[in-house]
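What follows is a set of structures for review.
Next, two complexes with chain A in common: one pairs it with chain B, the other with chain C.
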Partner chain A sequence: MEQSLPKRILRDITAVTVVAIFMFPLFWWALTSIKPMYAIFNKDEVVVFDFVPTLINYAVVLLGWSRAEIAIESGSTFGVGGTSSYDSRQTIIDSIIVAVGSTGLTIILAVLAAYALSRMRFRGREGFLNWVLGQRFLPPIAIIVPLVGMYKVAGMRDTDNLFLGYIGLIVIHALMNLPIAVLLLKSFFDDVPKDVDEAAMIDGATRWQTFLKVVLPMVRGGVAAAAVLCFIFSWTEFLLSLFLTTIIRTVPVKITTFVTSTGSEWGFISALGTAAILPGFIFILLVQRHLVRGLTLGSLKE
Partner chain B sequence: MASVSAKKVFKNYGDVAVVHGIDLDIEDGSFVVLLGPSGCGKSTLLRMIAGLETVTKGDIEIAGKRVNDVHPKDRNIAMVFQNYALYAHMNVADNMSFSLKLAKRPQSEVDQKVSWAAKILNLEPYLKRYPRELSGGQRQRVAMGRAIVRDPAVFLFDEPLSNLDAKLRVQMRTEIKELHERLQTTTVYVTHDQIEAMTMADKIVILRDGRIEQIGSPLEVYDHPVNLFVATFIGSPAMNLLKGETVAADGGVAVRSGDVLLPLPQTGKVEAGRKVTYGVRPEHLDPVSGSDGIPAKINVTEPTGPEIHIYAELAGEEICAITDERRDWKRGETIGLKPKLDRIHLFDAESGMAIL
Partner chain C sequence: MSDAAVAQSRSPGSLWPKWRWLSSEHPLPWLLPASALMIIFGIYPLLYALWLSLHKRNPVTRANVFDPDYNWMKAFGDQRVWDAIATTFLYTGIALVIQLVLGLLIALLLDSDRKGYGVLRALMTLPLVVPPAVTGMMFLLMLDGSFGVLSRSLYAVGLLSPQYPILANSSTALAGVLLADIWQWTPFMVLIMLAGLRSLPKEPFEAAAIDGATAVQAFFKLTLPMMSKVIAIAVLIRGIDLFRVFDYVKVMTDSGPGTATETLTSYSGRIYFNGDFPYASTLSLITLILVIIASSLFMKIFRVKL
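The block that comes next holds the complex of A and B.
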């Protein structure tokens, strides 16, 4: 429908305003990451663009420059206090391992569960759905103490065994994401008509072949959407990662260590924060071509 | 190719019975249409033949073998679904070759079968297209191609044309019929459209409420409906029905409906004093001018081109007569209607079963 000019202008202004509101923190964060210390902390004025950009913050968190090198580079030791290590290379690797691992595990389990819930009739199916959803009602903090105890007994803390530590964090992130992924994928499976399953069965496919070769490819978009959500949830998860690990440091946990007894390293925090957007962004870029509804288009008569 | 039989087949969903003991024999190579209003159990019966629904009681046989417990994929059948159920992520060639690939047939055979089917169905230019890039009729043809490449013993069609537009439906009807003539594969076709049933079937099975009402060739069920349901379900415009009672008149028997006397052929089979429903198809009512026929007052006329449908009031009921006479039939005019005596149907008023 053609809108009148004032309406169009109003609509565009609204759109731009809303986007600006959401983008501003991101913009400010990225801007802070390339500011020298005097521009971040200035008690007289807010420095917006009036500074010489620097990549020192990135050099510290991504290249592992030492405090001595920073001192030489910036000619000052201001704000370079504390005893923390700011080298975050291992942190990013840890985060990628955990996020990719838990996303993969979640998707494999969720796809199977969602297909069964969508297609098969079995005793307790309704109850199972509610139970799946119920998992999300419980705040993680409520179970954190027994969970740490269980992990300790099972020897799955990273201080006992680094490999099992990764597995432990992957598993708990997967459990956290499983309900939402199952429900999301179930709705996508529900959109694929049962006739398609039946046609495949008559064509000679077993249940497993029907699932793998016919139905799963038709819910590609849903799998991609669920994967993006799981990845982001795992990438940004803080509480469980903090309590369950000591050596493994995911990005959100690592960033909190930049808040030290002698001050918060805003430059490093913003640099790591900005850099940490990138893997998620790349992941979404990779899957976004599948992120379209209507992949079942053409299967049915309209 | 194979015959298909249903022997005392029942189907219940929980406590609800939808098919009540159907007995049906479908000959090898024939084209049988299951016809009935929605909810009559025709699709359920088809799905039981396909193996997509379990049989509550009774037996389904294909080629003389009981298949109740045989998986659909092992029944050697192919099915075309109401909504096509194409594989949206595969192109036309892959849709059609899916079953052959699953059966691990050699690639040369797969290619040959697919190009054979594509040629028959005029799909050759579209083999690399995806279903979303095809028109409704083309998708329908892909669904049929998927069925014919397998060279199955039985084709099952579940209302395949119900969502196509009228013109395409007529065209696809002919194509399906031609396909059957060509392949001579036993075909079971479900529809609620009587025209489809009449034009395509060797044999029509008319179902109501999970029971068979009549089995017969298209003209048999049209000319000799066994009961009121079949009489009204087949034919458009529908058969005219007038309630009345048989009375002795002029040395024979006629039907009195209101104050009108309706003539009957004098076969001697009908006695006077019986409550009946008098049935005559619109094309067997000849409008004549003057006082020759049964008087009726014209309400509406509908010219269809080849003929004119006259809706008129006769004995308090609206009836329809068909004529091809080009004259100015005026609303309110009283005309005479003359039934063709040898085409009259008479049903028992109580049971609805045909007497004549």
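The block that comes next holds the complex of A and C.
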């Protein structure tokens, strides 16, 4: 249906306005991160562009500058001394290790399960699918108390052993992402005709060889999409990371510690927040095509 | 040799029939790793939570004594639990309706093949990847009572008074939290509705146009009914996630002021931090039971299958 020109222009304007409204919080957040303190905490007027941009907030959270250096820089002696608890370098490294590790683990487990669910007919198949689906909808809070107990016993909660701490979060993020990955990958395997498998097996390949050499390469795109989604969900996860470990702070957990009873350091918060959002933005643009399928657990295709 | 015989001689299972379930022909090796993860870190903790909920915690000795109905009766008589349930349902309901309606409208708006619309659709997905805790922070900053840009805009147009900052006032705090949720998850609905719209067949709409149907008629008589499956799936997935809301509440109001924004999940979290693990488990199991009842009712009534 062709629309008339005035109608089309009206639609364009509305569409741009709506998207702009949704982009505003992101814009404001990024803008706050380059504002000096006086512009953020101005109670007399809202400062939009009338400030001297600074990268000091990024220097503190990403490079570990101390507050003393900032104070000297800005010519004041206020807040000099004390180590910087806003240094987030370790946090970012922790988050990357957990997200990459859990994505890898999830994908390995999911790709195997998804292949069997897509290709084999066996007793309990429906039951297994429902189990996986149920796992997706299980509120994390329902298992958190026992998990904390288990993690304490296993030394994964509050030890000096960073490695065990990583394993703990990696495993639980993998559990959280497993249902999405399994159901999404199953829908991608379902797209590959079964004749492909049968042809390979008639040529003498075993199931395992067929899977590894023939079918898996055909769903590369799907595996990539699932991996990206797993990475994003792990990167953004808050509740499990908050409860389950005291030695590792992922980015979402760390950022909430910047809110203190004596006031919130909005400059640092928005700088780390902006840095934390960027990887997701880049990744999401890579999987645009498969996003709907991922978010609806493979039940809707684009 | 027949095909079956070829398969027989090839399968390692035929050499050692006892170990057939270990061969790649059998589903077990494929499903075992994922199952192990889900049993150890999913099923076992769930059963353990159930076991805990049947015990009474002695606050002095910190020992858990078997007392099967203590926590459940306590929850039943706890007004805060009922308030939390009411808040959770209110939150879920409001967010769901607003996100669905907004999502559908924005999807209709952005469903165009003309230049630039692809960029707009891509931009619309960005809120989805912001960590919810960060989203909470973003809105905390914008809704700050004294220098928040949103608060000040609302003061300026007279919708809000500086004496009652939105998050510090028990009658408006939930709206503040909802704002963050709606910003982050309306794009989810937009995406799914867009996918639904794009999969609709063209013919019925052409026929309707020839018969002189208006765009509004076409929407209610054709688009909505044909989209019902997509809408049901979106509502189900979003609804279940909304019901266990935690991040925004924790970050923005920490259930406050008072208990004005306390949901089941956040109440359970609070009890956990107070150290009463059996009662915290009971509350989290109540959350789970409510999710199961609500979602299975929904799936039954609207005949949805994921």
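A few notes on this one:
Criterion: the second predicted complex is superposed on the first by the 250 of 302 C-alpha atoms of A that agree within 3 Å, B and C clash if a C-alpha of one lies under 4 Å from a C-alpha of the other, contacts with A are read in each partner's own complex, and residues count from 1 in each chain.
Assume a contact is a pair of C-beta atoms (placed from the backbone, for glycine too) under 8 Å apart; a residue touches a chain by one contact, two chains touch by 3 or more.
What you see is a predicted model, and the numbers here were worked out from it, not measured in a lab.
Judged by the touch definition given at the top, the superposed model places A:217 against chain B, while chain C stays out of reach. Looking at the shared chain after the overlay, A:110 reaches chain C, while chain B stays out of its contact range.
Once the two complexes are overlaid on the shared chain, A:193 sits against chain B while remaining clear of chain C. In the superposition on chain A, A:46 makes contact with chain C only, not with chain B.
Partner contacting the larger number of chain A residues, of chain B and chain C: C. Residue contacts after overlaying the shared chain place A:202 against chain B and chain C alike. Of the two partner chains placed by the overlay, neither chain B nor chain C lies in contact with A:85. Touch criterion met: A:120 reaches chain C, while chain B stays clear of it. For the contact definition in use here, the residues of chain A common to its chain B contact set and its chain C contact set are 201-202, 204, 206, 295-297, 299-302.
Across the interface of their complex, chain A is touched by residues 3, 6-7, 10-11, 23-25, 27, 29-31, 33-35, 37-38, 41-42, 44-46, 48-49, 52, 106, 109-110, 112, 114, 116-117, 120, 122-135, 137-142, 146-147, 149, 152, 183, 186-188, 191-192, 194-196, 198-199, 205, 209, 230, 233-234, 237, 240, 243-244, 246-247, 250-251, 265, 268-269, 272, 277, 280-281, 284-285, 287-288, 291, 295, 306 of chain C. Listed in rising order, the residues of chain A touching chain C in the complex are 1, 8, 11-12, 14-16, 18-19, 22-23, 25-26, 28-29, 32, 40-43, 46, 108-110, 112-113, 115-117, 120, 122, 125, 128, 131-133, 135, 137-147, 149-150, 171-172, 174-175, 178, 182, 201-202, 204, 206-208, 211, 232, 235-239, 242-243, 251-253, 255-256, 259, 264, 266, 269-270, 273, 276-277, 280-281, 283-285, 288, 291-292, 295-297, 299-302. Residues 50-52, 71-73, 77-79, 81-89, 98-99, 102-103, 130-134, 136, 139-140, 146, 150, 163-164 of chain B are the ones touching chain A in the complex. Of all residues in chain A, those touching chain B in their complex are 193, 195-196, 198-206, 209, 213-214, 217-218, 220, 295-302.
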